[in-house]
Structures are given as structure tokens and as C-alpha cells.
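Just below sit the structures, each encoded as C-alpha cells.
Across the two complexes that follow, chain A remains constant while its partner is chain B and subsequently chain C.
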Partner chain A sequence: MPKGKFTKEEEKLLEEYSRKPTKGVEWLFYINAFLIAAIPIWPAWRILQMELMTYGIIFVPMTLFSAYAIVFSYGKVKDSLRHKIFQKRRPAVATETSEASENKKLTKPQRDEKIDWKTNEVADRESTAFSIFYNNALYMLVFLALAFYLLRSFNVAFNYIVSTAAASFVLALLSTGP
Partner chain B sequence: LLASFSDAQNAQQCPNAKATFQTYSTSQLLMSRETVFIVDMEVSCGAKGNPEALFLHADVNGEHVPVVRASKTTFQVSWSAPHAKAKTGTYPVRIYDEEGYAALRKAIRNGQSADSVKPLFSVDINHKGASRPGFFVQTEFIAVMTVLLIWWYANSTKGRLTE
Partner chain C sequence: MIFYVCYTCLLLLLGSGSSRAAEEDARLVALKSILNDHIVDERDLTIQYRIYNVGTSPAIGVTLQDSFPEDRFKVVRGFHSVRWERIAPGANVSHTVVLTPVGDGVFNFTAAQIDYDVAEDGRKQTSHTSAPGERYILTSRDFDRQYSPHVLDWAVFGLVTAPTILVPFAVWYGSYSHYAGKEKKA
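So, the complex of A and B:
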């Protein structure tokens, strides 16, 4: 085999255990991040009275910036939790897999491989969902606390920019931590 | 002699005086610093009467409040008080013509009760108190508390997962 080339099985293994999210998960991250990053526009428009057309030049770049930071945080939190969830869920998946009748004829290495594969899938889905849930909650908490309490007496444009930027920054910072 | 002659003239110029009232008092704290009380009244004097000849005075709980003429037949009484002093309750507004108001002042000087002088008209303002509109608790407080609780749950779950 030429150097640097992998067999199909090796590529499949790399994909399954790789930290890089799959295309489906990537799209899920982008769509969720964009929706969450766009939510602050609603209270800015309706409560802070920032007209969409007038302040669109602020809304668009801040939404894109926040969405980028949120996607970054999704990936980081997912990576940090995936292995832990794998370890926690493996015993339950192993029990379920071993009891399934179609798996009784498999050899131990084959059964272990199947358990690992299934546990990996479960851990991937669970870490993805939890990462989205956790980061969305944190982003909204920081934004609301800043926009409606700490920065309420400031100029509305300053309020929006700083509250969304700070929420994005806090998200990115905490996602890189332990 | 001249004063009593003009008072007699006023009474003659507005016999059978009747009035219809519209009252208002501040109900929202948010957009105002003081509570305002307003009484608008439309006075009619009968077929041969002349409301333009009337000069009116108002008495609210012993305080003299000027009566402003808005048009030939309409008058307005208004005053304001800080929100804390404008208690909930009924504010009796007594309207006197010049003769009646002079009699009221004389009675008060002589130590008599103000009730001894019958007003030309009287109306009560039922002030229900000024309050903040909406919920007792601010909406943003509810929103922040809700999101805080959700994040708290997420954070504790994350803690359990990473143990």
C-alpha cells in the first residue's frame, strides 16, 4: 500500500473515532448556532427599539460572529464530553448487545467491536445534543444578564454589540476549559 | 354694596345651575413623577342663564384649587401631588361660585365647619392609586431566572458526566 493511503476499513475506523464532526453534525451545529445567534435580534428590535433597517449593519456581522463562536464552542464541548459519555454508557450498551439474540453467535472480539461501535454512536449523539443544549443555555444566560441588567443604561447599539460579543467570548472561553 | 350687587347679578345670571362631570386621576407610575387629578365640568344655567358670568372656585380637602374656564360652558379643576402623597381613596371636590366661596372663607375664619356652606356643585374623584403596568415581577427577571435554572441543570449534568 502506498505511504499515506488507507484502506477502506481504516478510513471507516478513522471516521468513527475521529474528533472531526460528520457532515450531518456540522450542519446541525451551523443551523443551531445561526438560530441562537439570531435570537438576540428579537429583544433588540422589540424591547430596545432598534429598527432592523437602521441597525442591520450591526445585526448581521454580530450574528455571524456569534454563530462562529457558538459553532466553535459546540465542537469543543462535544469533544470534551464524548469520551466521558463513552465510558459511562459502555456497560449498559454491552449488556444490551450481549443479550440480543443475533449477537450470541459472534466471537468475543466481534462482540466487543460491535459494542464499541454502538457505544461510539450513542456517545456521539449524546455529546452532540448535550453540547448544543449546554452552550445555548449559557449563551442566552450571559446575553440576557448583560443586555437587560448590566448594560441597560448604555446606548442600545453598544448594549447589543457588547452583550452578544461578551456572550460569544464567554462561551468560547469556557468551552476550551476542562 | 357694589359687591353684593354683582353677586346677586351672578346668581340671577345662572339660576338652576347644573353640571356634568368627567374625572381623571393618574393610574400608571411608569411615565409620571406625580399623580394628577382632573375634573372637567360642563355647566348649564337654564333657559335664561349665562354660564359666562360664573366665576368658580374649588375646595379639595380644605385646599383651594383654582378653576379654569376652558370655554363658555366648560370649566376644569386640576392639581397634582407626588405619588407617595396621593393615597388611594375618595377626593371630594366642592365647587363654589364667588358668593359661596366668600361664605366658605368666612365660616373657616370664624372656626365653623366647611360643611356649613353648601357648594354649588360637588363631585368625588375615586382614586384607585397609581401602579406599575404589567406583572408585579419584571419580565426580564422571569426570563433571566428561567434561563439560569436551565443552565444550572445543564451545568450540573455536565459535572456528573465528567466525574
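So, the complex of A and C:
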């Protein structure tokens, strides 16, 4: 085999255990991030009375900036949780896999491989779901606290820009922490 | 000396006569008040005038006159100029005008003028109501931003935001509770 090239099995293993999210998870992140970044436009328009056409020049770049920060935070939080969840779930997945009748005929190495694969799936799913939940809730909380409490007497454009930027910054900061 | 004494007595007599007349005259006290808590552009503004006769004679031919610039206010209901034939002593009357402000900004609400006869002899008196003073007229947008409850808007916001938080939480919790139970058994 030429140096630097992997077999199909090695490529599959790399994909399964890689920190890089799969295409499906990537799209999930992008869609969720864009949705969460765009939702603040509704209260800005209806409650802060910021006309869409007049303030569109602020809404569009801030939405894109926030979406980028949210995707970044999703990935970081997922990465930091995945290994911990893998270790926590392995015993339970091992028990569940061993009890399944179709696995009783497998050899120990085959069973271990199946357990690792299943645990990896569970960890991936849980870390993805928790990362999306945590980041969405935190973003909304910070945005609402800033826009409708701390900055409520400021100019509306300043209010919106600072609220969304600060919420994105807090997300990115906390996601890179321990 | 005698001339001086007579002159002084004459002055005193005349003075006491006029003060007795003043005590028997009508005396009006008038209030002009804005009933709105907030004055908003293109929304009704209610102004109330209340006139009290605190004198001992009826006030005759009472005329209330007020004015508002046409480029700042439109009249919805009521008149700027009102007349009452008689206001009995101890009685009071009120009058209300509904206006609509045109444009926002500060406006100085000045006093209205009241003209009346203080007695049957036709002596005239001019007085003024109280003046509400400078008030700020808000735009509809600013008023909605500050004071409107936006119940429906918040409800829609909640409906749109809730799934983005609850759905991933439900997915995570479903997996967590499934395997957490099995961890305990293991």
C-alpha cells in the first residue's frame, strides 16, 4: 500500500472515531445555528419596533456573525462532551449489547468492537443534542437579558448589535473553556 | 384741617362700599387638565376644563376660550369656545375637548381664557384657567416600544424558540435516561 493511503476499513474507522462531525451533523449545526441567530429579528422588529427594510443592513450581518459563532460553539461543546459521555455510557452499552441474543454468538473481540461502535454512536448523539440544547438556551438567555433588561434604554440599533454580538461572544468563550 | 378730615372720611366710605361689592361678586376658579397619562401622536388626547364659582353671586355670561394650533392638533370632539349663561354661587361646570396631536415633540399647553360678568350690573372680569405646561408628545412607535405589552409578539417568540431548545433537550434526555438506568443495573 502506498505511503499515506488508507484502506477502506481504516478510512471507516477514522471517520467513526474522528473529532470532525459527519456531513449530517454539520448540516444539523448549520440549520440550527442559522435559525437561532435569526430568531432575535422577530422581537427586534415587533417589540423594539425596528423596521425590517430600514435595519436590514444590521440584521443580515449580525445574523451571519452569530450563526458562525454558534456553529463554532456547537462543535467545541460537542467535542468536549463526547469523550466523557463515551466513558460514562460504555458499561451500560456493554450490558445492553451482551444481553442481546444476536450478539451471544460473537467472539469477544467482535463483541468489543460492536460495543465501541454502539457507544460511539450514543456518545455522538448525546453530545450533539446536548451541545445544541445548551448553546441555544444560553444564546437566548444572554440575548434577552441584554436586549430587554440591561440595554432597554439605549438606541435600538446599538441594543441589537451589542445584544447579539455579546451573546455570540459569551457562547464562544464558554465553549472553549474547560 | 376740616377739609382734610372730610376728604379722608369720604375716601373711607367709598373704599368700604367697593369692598362690600367685591364680597358679593361672582368669583370663578378654573382648572384645565390633560386626562391622558401619555400623549401620543395620532391618538386621542382629552382635555377637561372645570370652572367653580367660589363667589356669592352668580357668574353671568361665562365664556371659555381656548386655542390650539391647527398644524399641531385636530379637533375630534368638542369646541374651543363655550358659553354658559349663568353659574350659580357654589356651583361648578365642566367641559371636555378631544383632540388628536399631529406630529411629535414638546408642546406647551397654556391657560384658557374666561370672560364673565361678576354681577347683574354688568361689570366684566377676565381670568384664566390653570396651565398644564410643557408636555412631550410621543410617536406611536416610541409609545408601543415603551408601553405596549406585546403579548402576542412574545407568544409567537416563545412558540418559535421553544422547539429549538426543547427538542434537543428531549433527544439528549431520552438517551440519558435510557442508559443511566442501565448503568445502575450494571
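Everything below uses one rule, namely that the second predicted complex is superposed on the first by the 178 of 178 C-alpha atoms of A that agree within 3 Å, B and C clash if a C-alpha of one lies under 4 Å from a C-alpha of the other, contacts with A are read in each partner's own complex, and residues count from 1 in each chain.
We adopt the following convention: a contact is a pair of C-beta atoms (placed from the backbone, for glycine too) under 8 Å apart; a residue touches a chain by one contact, two chains touch by 3 or more.
Just so we're clear, the structure is a prediction, and the values are computed from it rather than from any experiment.
Applying the stated clash criterion after superposition on chain A shows that chain B and chain C collide.
Shared-chain residue A:A145: touches chain B; no touch with chain C.
Note on chain A: of its two partners chain C and chain B, the one contacting more of its residues is C. Once the two complexes are laid over each other on the shared chain, residue contacts for A:P91 go to chain C alone; chain B is not touched.
When the two structures are aligned on the shared chain, A:F133 is found in touch with chain B and with chain C. Of the two partner chains placed by the overlay, only chain C lies in contact with A:N32; chain B stays clear of it.
Once chain A of one complex is fitted onto chain A of the other, the partner contacts of A:L48 are limited to chain C, with no touch recorded for chain B.
When the two structures are aligned on the shared chain, A:V60 is found in touch with neither chain B nor chain C.
Applying the stated touch rule to the two superposed structures, the overlap between the chain B and chain C interfaces on chain A comprises residues 88, 130, 133, 137, 140. Those residues of chain A that touch chain B in the complex are listed here as 80-81, 84-85, 88, 130, 133-134, 137-138, 140-141, 144-145, 148-149. The touching residues of chain B, when paired with chain A in their complex, are 140, 143-144, 147-148, 150-151, 154-155, 157-158, 161-162.
Per the touch definition, chain C reaches chain A in the complex via residues 141-142, 144-145, 150, 153-154, 156-157, 160-161, 164-165, 168-169, 171-172, 175-176, 179-180, 182-183, 185-186. Residue ranges of chain A in contact with chain C, taken from their complex: 32, 35-36, 39, 42-43, 46-49, 88-89, 91-96, 122, 125-126, 129-130, 132-133, 136-137, 140, 156.
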